[in-house]
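Okay, so chain A shows up in both of these, paired with chain B first and chain C after.
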Partner chain A sequence: MMRRIWAVAEVVLRGWLRRKEAYVYIVLLAGLQLAVASLGGAAGGGSSLYLFDAGLLLTWFFGWAVALHAGAAELPGEEAHGTVFLLLAKPLSRAELIVGKWLGAWLAVTLCTLAFYAVTLIVAYSAGVAPPLGALIQAGVLHLISLAVLIALSLALSTRLNRDAAVAVAIVAALALYLIVPRIPQLACETHGWRVGALNVLYYGLPHLELFDLRRRVLHGFGPLPGGVLATLAAYGAVWTGALLMAAWLSYRRRRFQRDRLLE
Partner chain B sequence: MSARLIPGLSLLVLLTAAFVLACHLTVSDAAARADGDDAGMAERLLGGSRLLAGELCFDQADLYLHRGMPHVERAAFTNRWLQRLAAQVSPPVVVHREGVEGLRDVLPWVSLAARFAPTNADFVLTRAYLLERTGNQAAAFDVLRHARIEQPQDPALSFEEARMHMRLGHWSQAASLLELSERLTGPQPASPEWVDLLAEVCFLKSLLQEQAGAIGPAAASLARAATLKPEWYESFTNRVADLRAGRPPERPVKALLDSYRLSAQTNPLCHHDDDGD
Partner chain C sequence: MAALSFDNLGMRFRSRGAEVVALDGLTLAVEPGVVFGFLGPNGAGKTTAIHILLGFQQATSGAAYIFGRDVRTPIARQRIGYLCEHPDAYRFLTGREMLRFAGKLCGLAGGRLEDRVAQVLEEVDLSAAADRRIATYSRGMRQRVCLAQALIHDPDLLILDEPTGGLDPLGRQQIRRIIGDWRRRGKTVFFSSHELSEVELVCDQVCILNRGRIVAQGAPQMLPAAGESLEQFFMRTVSGAAEAAGRLA
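For the complex of A and B:
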């Protein structure tokens, strides 16, 4: 089973490496960081920590953008090209196909994100910032776990939506999860009755992406997380990834494909 | 992975480049227009978004001052498992960045805010203060002088420059800038903030006048300060009476000037209580 999953993942990874899109993203990220650095004259006498902050934020943003696209592009791509019939004709279950696609997309996005971190670190070091490496490595690991959750989310959406719709819904969902879900306790102050209960359910029932964001610890010198907390967060991310992949499989396992309709 | 992401991200890069260019243009454009009424190049290109970016950078400076801790808001429930986990990831403690190094980390955000919105006096004043505290007095004076070209009618800018001169013991420059500030405020200040500002101008002016031996004008300035700011009235009444009677006041002017210079070392950036505001 693992061999079949890995075979699918390898195809995804190779296809991604062949398209060489990552270079473009890296150049764009470096360009943005240089644009921010060009305002450095305004900092006159200040430290360059702001530049590292902007770099980390851009790395987060680019990582998420690439992950949401990568997750949403795979299954609709196979359907659009008609190659889904070749895949399903092989001794490959739909669960293996889903997990293989997820794994391949995650590995591709991981390589891309590590390159983003490398660019950010080079810019930071050249500006005289010495990031705390322990906390930064933890931040990178948790970032990759959040990307695993997001890829699973967009993959699950792409089992029922076309690629563009899946990307759009996934972006809105990811932003809501990151910006609104952590504020549910504050929002609940403004309401009464059953709505408070409903907000409680949402608070526990939706993934908390902000838990994977360690930028404050890195930038403001709070040091690395205790090992137990890191393991808890990794398990939390793994549970959500598993749940979303399960949802993707449930949605995809009985889906029928008609060649003439797909290739229209 | 989709190549469709590339045009969107390229657009983001181009927008950022345009924004940065516009902010560079604002600085050179500001010096060219002394009247301050005409819209700047950046304003024509980007309008209010530049001011919003300034506000965001200033908020970021506040966040840096508190080491990334946002202002605490009332919550319907606390101490849930996920909240405890979030508190371990991002400790909810109110701590300030301290020392010159801490202020150096805050300074770039304030500088960016002032660069994006050069007409916002708060940003400019905070930038000048941080530059001074981080030992860059010349740059602080430059910022204030430039801001006075940008906004020649704002008395707060000349007042801040006067205070900086006072902290450095440049009495004559301070006196002339206080005069300017008083003139710009006018006999009938336009807002409560300007009333407070005029009271402080009068107070500092009285100290400088007293130090220069002009006791009569010093007493008049101090009496005016007490009238403008009723909470000062009680503490200043005796001093005004002493000056008018030719008696040496309870606290000599040198001690007052020294304590003023020391009080300027406290942190005026943060006005919350440390109990979780």
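For the complex of A and C:
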């Protein structure tokens, strides 16, 4: 079983390394960081930390963009090219296909994100910023865990939607989770009755992506998180990834494949 | 034990408010070692039956078996190789990488996998282009690499859906040669085709499907009346069945 999952993941990874998207993202991030750096240089001293802040923000959201794209592209791509028929005719279960796709996309996104961090660090060091490495590594690890959750989310959406629709819905869902879910308690304070209960259900029932964001900690030099907290956050991410992959499998396991040119 | 069998297979679905009967109580058994032609006009239900056999769709009634195993279990697909109509492969891979991937999915590894990859590349005449990306292959070469991935684990049953569609005469001849080799090795080949002249050349048994039902079955040389070609017999059978269905309606 693991051998088949790994075979699928390997092909996904190879595809990402051989296509141009990943390199376009890296060049775009480097270009943006250099543009921000040149603006910071023009603004004079004291702007280095803001520059690093902007770099981390760009790295964070570029990681998201690649993850949502990678997760949503795989299954619809197989169907559009007809390769899904060759795959599913093999002794490969749909669960193995989904886990293999997720694993391959996560490995590809991990490589991309590490390249993003490398670009950010080069720009930061050249601007004279020396970020705390312990906290930065933890921030990177939690970022990668959040990307695992996002890939599972977009993969689950792509079992029912086409690639573009899955990317669009996943972006909206991810931004809502990141920006709105942490503010639900404030909303709950301003309302009453059954709405408070409904908001509490949403607050505890949806994933909290903001928990994986350690950028403030890195910027303000608060030092690394205790190991237990890091492990709990990693377990939280793993549980959500598992739940979303399960949802993807439930949606995909009885999916009928119809391709006009194949149907008679 | 039959290489593949359909037991009262039914497939109905709704399309734009109307009920479509794709398969209507299809019952068929194909014995091992036979080259079996699965014929029928467009919309007869051939591809639907093949898709159910491969687990791409679930039948609404009845069951399908491969070497006695229910097709709904992935393990049933261990002994089959499949080539779909207008197949495509991962264009960013080389031919050799594509075959390695297919082999790994079928449980091959190490030296055995490498041996099979080399053997199958030779069989489909792609050894010279094995390390080129599939994106650079011609259509015929892509068809052959897809056929090679179906053969990689030396399956006992080969399912081909319109295998020669869009191929030039040379490509068709090559597919016929591979089917012939497969038969000599005692393997079962089940294929759907519109090319009746080809069917006559390679098949031991055929069945003609129309509107989800079998309307004729037997050896391709025995089915037509004296002086009639298989194509004429096919036209007569299919149009006769359509007229009968029209009268019933």
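In this section, the second predicted complex is superposed on the first by the 254 of 264 C-alpha atoms of A that agree within 3 Å, B and C clash if a C-alpha of one lies under 4 Å from a C-alpha of the other, contacts with A are read in each partner's own complex, and residues count from 1 in each chain.
Here, contacts are C-beta pairs under 8 Å (C-beta built on N, C-alpha and C of every residue); 3 or more make two chains touch, one makes a residue touch a chain.
Predicted model only: the values in this text are computed from it and were never measured.
Three-chain overlay on chain A, with chain B and chain C fitting side by side and no clash. Look at A:Leu88: by the touch rule set out above, it reaches chain C but stays clear of chain B. For chain A, the partner with contacts to more residues, out of chain B and chain C, is B.
When the two structures are aligned on the shared chain, A:Ala73 is found in touch with chain B, with no touch to chain C. Touch criterion met: A:Arg19 reaches chain B and chain C at once. Applying the stated contact rule after C-alpha superposition, one finds that A:Ser251 touches neither chain B nor chain C.
Nowhere in the superposition do the C-alpha atoms of chain B and chain C come closer than 13 Å. In the superposition on the C-alpha atoms of chain A, the part of chain A touched by chain B in one complex and by chain C in the other spans residues 19. Against chain B, the residues of chain A that register as touching in their complex are 16, 19, 21, 24-25, 28, 31-32, 35-36, 38-40, 42-51, 62, 65-66, 69-70, 72-73, 105, 108-109, 163, 167, 182, 185-186, 188-189, 196, 199-200, 203-204, 208, 210-211, 213-214, 216-217, 219-222, 225-226, 229, 232-233, 236. On chain C, the positions that touch chain A within their shared complex are 40, 42-48, 51, 54-58, 74-75, 77-78, 80-82, 84-90, 92-93, 97, 101-102, 104-107, 109, 146, 149-150, 159, 161. Residues of chain B that touch chain A in their complex: 1-6, 8-10, 12-13, 16-17, 20, 23-24, 60, 64, 67-68, 73-78, 80, 82-83, 85-86, 88-91, 101, 104-109, 111-112, 114-115, 130-131, 134-136, 139. Taken together, the chain A residues at the contact with chain C in this complex read 3-4, 6-8, 10-11, 14-15, 18-19, 81-83, 85-93, 254, 256-257, 261-264.
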